[in-house]
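Each of the next two complexes has subunit A plus one other chain: subunit B in the first, subunit C in the second.
Then we have the complex of A and B:
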């Protein structure tokens, strides 16, 4: 009953979001059919666009995993943003300043970026455990600190003085993650993301620590009475989540860029919130949710290029989805009538 | 519509989210000026029905009439306006405010900007005298007893103009002496023309107080009767559908050596109020030690200090001769303490998670459930099904959420989990609170079975009947102290315990010292 209801509810939310965007396009566009065609089917028009969707879903998978894990443990740290950004900066530094063989270079960079991400991720958690600060507030503030620290590092030590804009020197070719399918942006990083999905799935559902995360997140009082060290859970989950986000920063930089040019924080962490909600904080469904979001975005990009509708329309679709998925009362009446009918059938 | 019917519910059906049918075609007729009992076991749908009458829930189907007119309450404010008043099991009061302030809460005296406290106190005194419900208007609610808080709750309803009072198991928090006093006051209210609906599952109380009664079983009405028409046996058969006997069969047993003891536990909470005042006792093999007392007299703190979720300021806890005072919660469990907590949904389970997740919480880290270092879902499934079947839990599948089970079944799951890992000391804190008779019977039998296996049992319960029928020895707590030690349980009555619980009677220190064995 519950599973079926969740799916029906999800589909209804999708239908409403799609219907609403179609209405808006008809209201504002001179050529609504072109806009609609590109938005919903654009990515299928060419191999390149289709695999672009996979490539754009990579950072979303990483932040979706990170935030899903943190949410699962009942915490609301947004530090994944700083972890991902700093992971990118670390990658830039190592990709520019160190020389290594091609296979080893990216692996080492990924490990170091993950370690740095984990370290940063621990800060709001430690503050929460030892000083009872609210992790949401501290993480949002710290995001600024690490963002500007990253900008400073790149400008001072890594910047390309020849370039007209904010950009680092070029990365060594040894540090690039190669394309999986030539002629597209679909890169090896996707496999790393899937590996992270598998590992986190096992962590959450098959290990002792995963059990502790789920119990602490669902009912911290019960966790305490069961003898679970909830402080350890808070700190360790956020370290792991930070490491995943830091790794995501490294993969994104090495897979998609030749130089560091994130002058604005790419805000993948906020997309991670959307992914975490769509996936129900379950690592298994994260790639699917990330694919969906990336698909809509690539479609919206194509739409804005080929018609008179701006790609900000995506924000409306996202907002409607989140609203209906998180609104607990959405379709609750329907569910209850179904349940009442079913329950009363058996009665005399 | 019959003569003098003041409140009527017709064909009421209520289905909760999740598909639980709490009421099915329930009918209820209340005559003006009577005390009408609503009886039924826990989970029969009494509270649900009352919540609908009081506007806190909307019926799925059916009609409600007040004074012959159909009403549709969408909030309890509507019910109050129609002359209903409800005295909940959990009092709706602000502890840091005075009695008078609480009384007027929601219908304040004075202007929009300023509450007229003097007027509030006058009103409190006036009402209190009129209905002979003595309260002190100026005292803070946090400083008064539960019985006093209950009086305040009744006064609150009267102040809001209620002439139909609904009392939801009002005697659950009272001593036998306080119960008698309450009954006198309720009779006075009836003489004053008020109508009272009295919810209870204690038949002797119903007999003593009420005119008529309606019996609910499994969400259905089993009829309305004059009190004099049925004897207790017939009532209980209508309530349960079969003859039940909650009498405990317990063999005489010699106690073995001391398994567990606490020495001089002292705990004061963050406000400096003493919750545990030099508590010492011990439990031997094969002994059930009962702790009686009015809720909130240190029992919860005592249990928490033993399981390790609360750190007492001084004192020590010993298990099998080892001082475990410095141990963590987990280490205490591993040393042999198991614990059924007083609130199964708050401390005893994670209601949104599956039965499996909730059943393995004591063994999830052991090799028992693992294959090659990872938790094996097949083993988890087997382990869960084994416990749930052994403890007769009614469930569809082990992947459903705990919140979908009834209270009795959740409690059986918790008890099963705690008993399974063969502890030396079992702490049972309110083990049968709010569950159906079948589950109560089952859990009590299991407790006695553990005694037969020579386990030590600490039983904390507000149900005096339960304490008296299960325990081998009884300690009574009052304001954080042990005030009574009873080793002759057979010749002790609920009234005897009541005197200790009220703080009227206290044993000598030497006698209470008898609770500590070598």
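Then we have the complex of A and C:
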């Protein structure tokens, strides 16, 4: 009953989001059918667009994994934003300043970016454990600190003075992650993302530490009394989550960019929230959830290019989905009636 | 040494303190809002988005009505509506407060740009809209006092409103029935329920007030000194308010001081932009100082708690 209820509720949330976006498009567009067609079916129009979806889902997989892990442990840190951004900056620095053979270069960069991400991820956790601060508050502030620090690093040491806009020098070709399918943006980074999915799934569901994470998240009191070192869980999960996000920044930069030009922090960490929720904080379903959001994104980009509806429509869809999926008592009345009906049938 | 000189020079300027109040205003209003919802037991993460939507609505309504005060009312109404949506999801549909807040922030950051483009055809700022500003006030007697006049007179009307609201919120919690109910509901909803306080309604009211105050902060941003809306113009002030609110721990006066600390850093940052410190370090300074202040505060609370426990143990 519960599983069925979850699915029905999920479908209803999707239906509301779709209905709302269709209504908005009809209300504002001169050519609503083109907009709707591109939004929902655009990515299927060509091989290139379809694999764009996979490529766009890569950073979302990383942040979805990172936030899912943090949520699973019952914490609420948004530091993944800083980790991903700084991971990108580290990548830019190493891809410009160091020289290495092609196979080794990306691997080393990924490891260092992940280490830096883990280090940053530990800050809100350490502050929480030692000073009892709220990790959400400190992580939100730290995101700005690391963002400005990244901008400083790039403008001071890596900038291309001739570019005219904010951009670093070009990366060395040895640091690029090659395309998996020629002619598309689908790159090797996707495999790294899937590897991260497998590792995190294993960590959360097949190890003792994973068990401790799950207990700490679902019942913190019980975790404490049963002798789980909750401080260790808080710190380690956020270090791992930070490392995953840092790795995501590296993969995204090496797979999709030739120079660093993130003038604003990309919103991947915030998108990670909806990925984590859609996937039920389970690493296994993260690629699927990321694919879904990336699909809508690519569709929306096509829509904004080919019609008069702007791609910010996605934020509205995203918000409506999050709101209704996490609303525990959304459709509770329906559930109750179903249960009552069943119970009555049982009596007869 | 140069930098120290710059800082000292800045500290001797009355205009610096004037700017401090100006920068503190939106954070102060939002801090008060955050405080009221937090005391009722709901943490309002949607402040950032609420402020952004209010700033946007204020500009649009004032441009179309050509009346700054109607625009202001629009901004406040927008804050009220957004916080009621949040309240509906949290209180009625049992959603997680943090996640619903994040959802509303996502909605605000994209939705404002979406509608801005519909109205003006631009995505960056509302430059083509002829929106209005709310007035500044000169205080009759005070403006003639030498230094104090330059610091305290001539501020935006909402800056004065914010300072008055500090007293109002302090009074609300200390001496009114509603304030007492809000505190009771926040501290122990079950106990409040048993003595007949309508828990859910009190929480609704607290969130609504927090939305109204945040709406005023939004109006200050877009109808204060700048007079236009630009995408993402709240720049994390809603999140800063969460930190200053935590430092204040329910005391409106401390909340004001914490907001002024932020205003101090922000206005110092503005003054030091011409010095030889890299711009980005200046920009990150307010955030670092708020983190340090917040962490120190939390550490102190923890230390006092431990000390009390030790004393209690020794007493036995």
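In this section, the second predicted complex is superposed on the first by the 342 of 348 C-alpha atoms of A that agree within 3 Å, B and C clash if a C-alpha of one lies under 4 Å from a C-alpha of the other, contacts with A are read in each partner's own complex, and residues count from 1 in each chain.
Heads up, the rule we're going with is that a residue touches a chain if its C-beta (ideal position, glycine included) is under 8 Å from a C-beta of that chain, and two chains touch if they have at least 3 such contacts.
Because the structure is a prediction, the values reported are computed rather than measured.
Asker: Comparing subunit B against subunit C, which has contacts with more of the residues in subunit A?
Answerer: The partner with more contacted residues on subunit A is C.
Asker: Touching A:335 in the superposition: subunit B (first), subunit C (second), both, neither?
Answerer: first
Asker: Classify the contacts of A:310 with the two partner chains as first (subunit B alone), second (subunit C alone), both, or neither.
Answerer: In the superposed model, A:310 contacts subunit C only, not subunit B.
Asker: Regarding the shared-chain residue A:326, is it in contact with subunit B (first), subunit C (second), both, or neither?
Answerer: Second partner only, subunit C.
Asker: Classify the contacts of A:142 with the two partner chains as first (subunit B alone), second (subunit C alone), both, or neither.
Answerer: So A:142 only meets subunit C here.
Asker: Regarding the shared-chain residue A:221, is it in contact with subunit B (first), subunit C (second), both, or neither?
Answerer: After superposition on chain A, A:221 lies in contact with subunit B alone.
Asker: So, does A:165 touch the first partner subunit B, the second partner subunit C, both, or neither?
Answerer: neither
Asker: Quick one: which bits of subunit A touch subunit B in the complex? Just the residue numbers, please.
Answerer: 1-2, 202, 205-208, 210-211, 214-215, 218-219, 221-229, 332, 335-336, 339-340, 342-344, 347
Asker: For subunit B, which residues count as touching subunit A in their complex?
Answerer: The touching residues are 13, 15, 17-21, 24, 60, 307, 309, 328-333, 339, 341, 346-353, 357, 360-362, 364-365, 374-375, 377, 401.
Asker: Taking the touch rule as given, give the residues of subunit A at its contact with subunit C in the complex, in rising order.
Answerer: These residues of subunit A touch subunit C: 28, 76, 127, 130-134, 136-138, 140-142, 144-145, 148-149, 151-152, 155-156, 267, 270, 273-274, 277, 310, 312-316, 318-320, 322-323, 326-330.
Asker: Hey, which residues of subunit C end up touching subunit A in the complex?
Answerer: Residues 45, 89, 92-96, 98-100, 102-107, 109-111, 113-114, 117-118, 123, 236, 239-240, 242-243, 246, 278-281, 283-284, 287-288, 290-291, 294-295, 298-299, 301-302.
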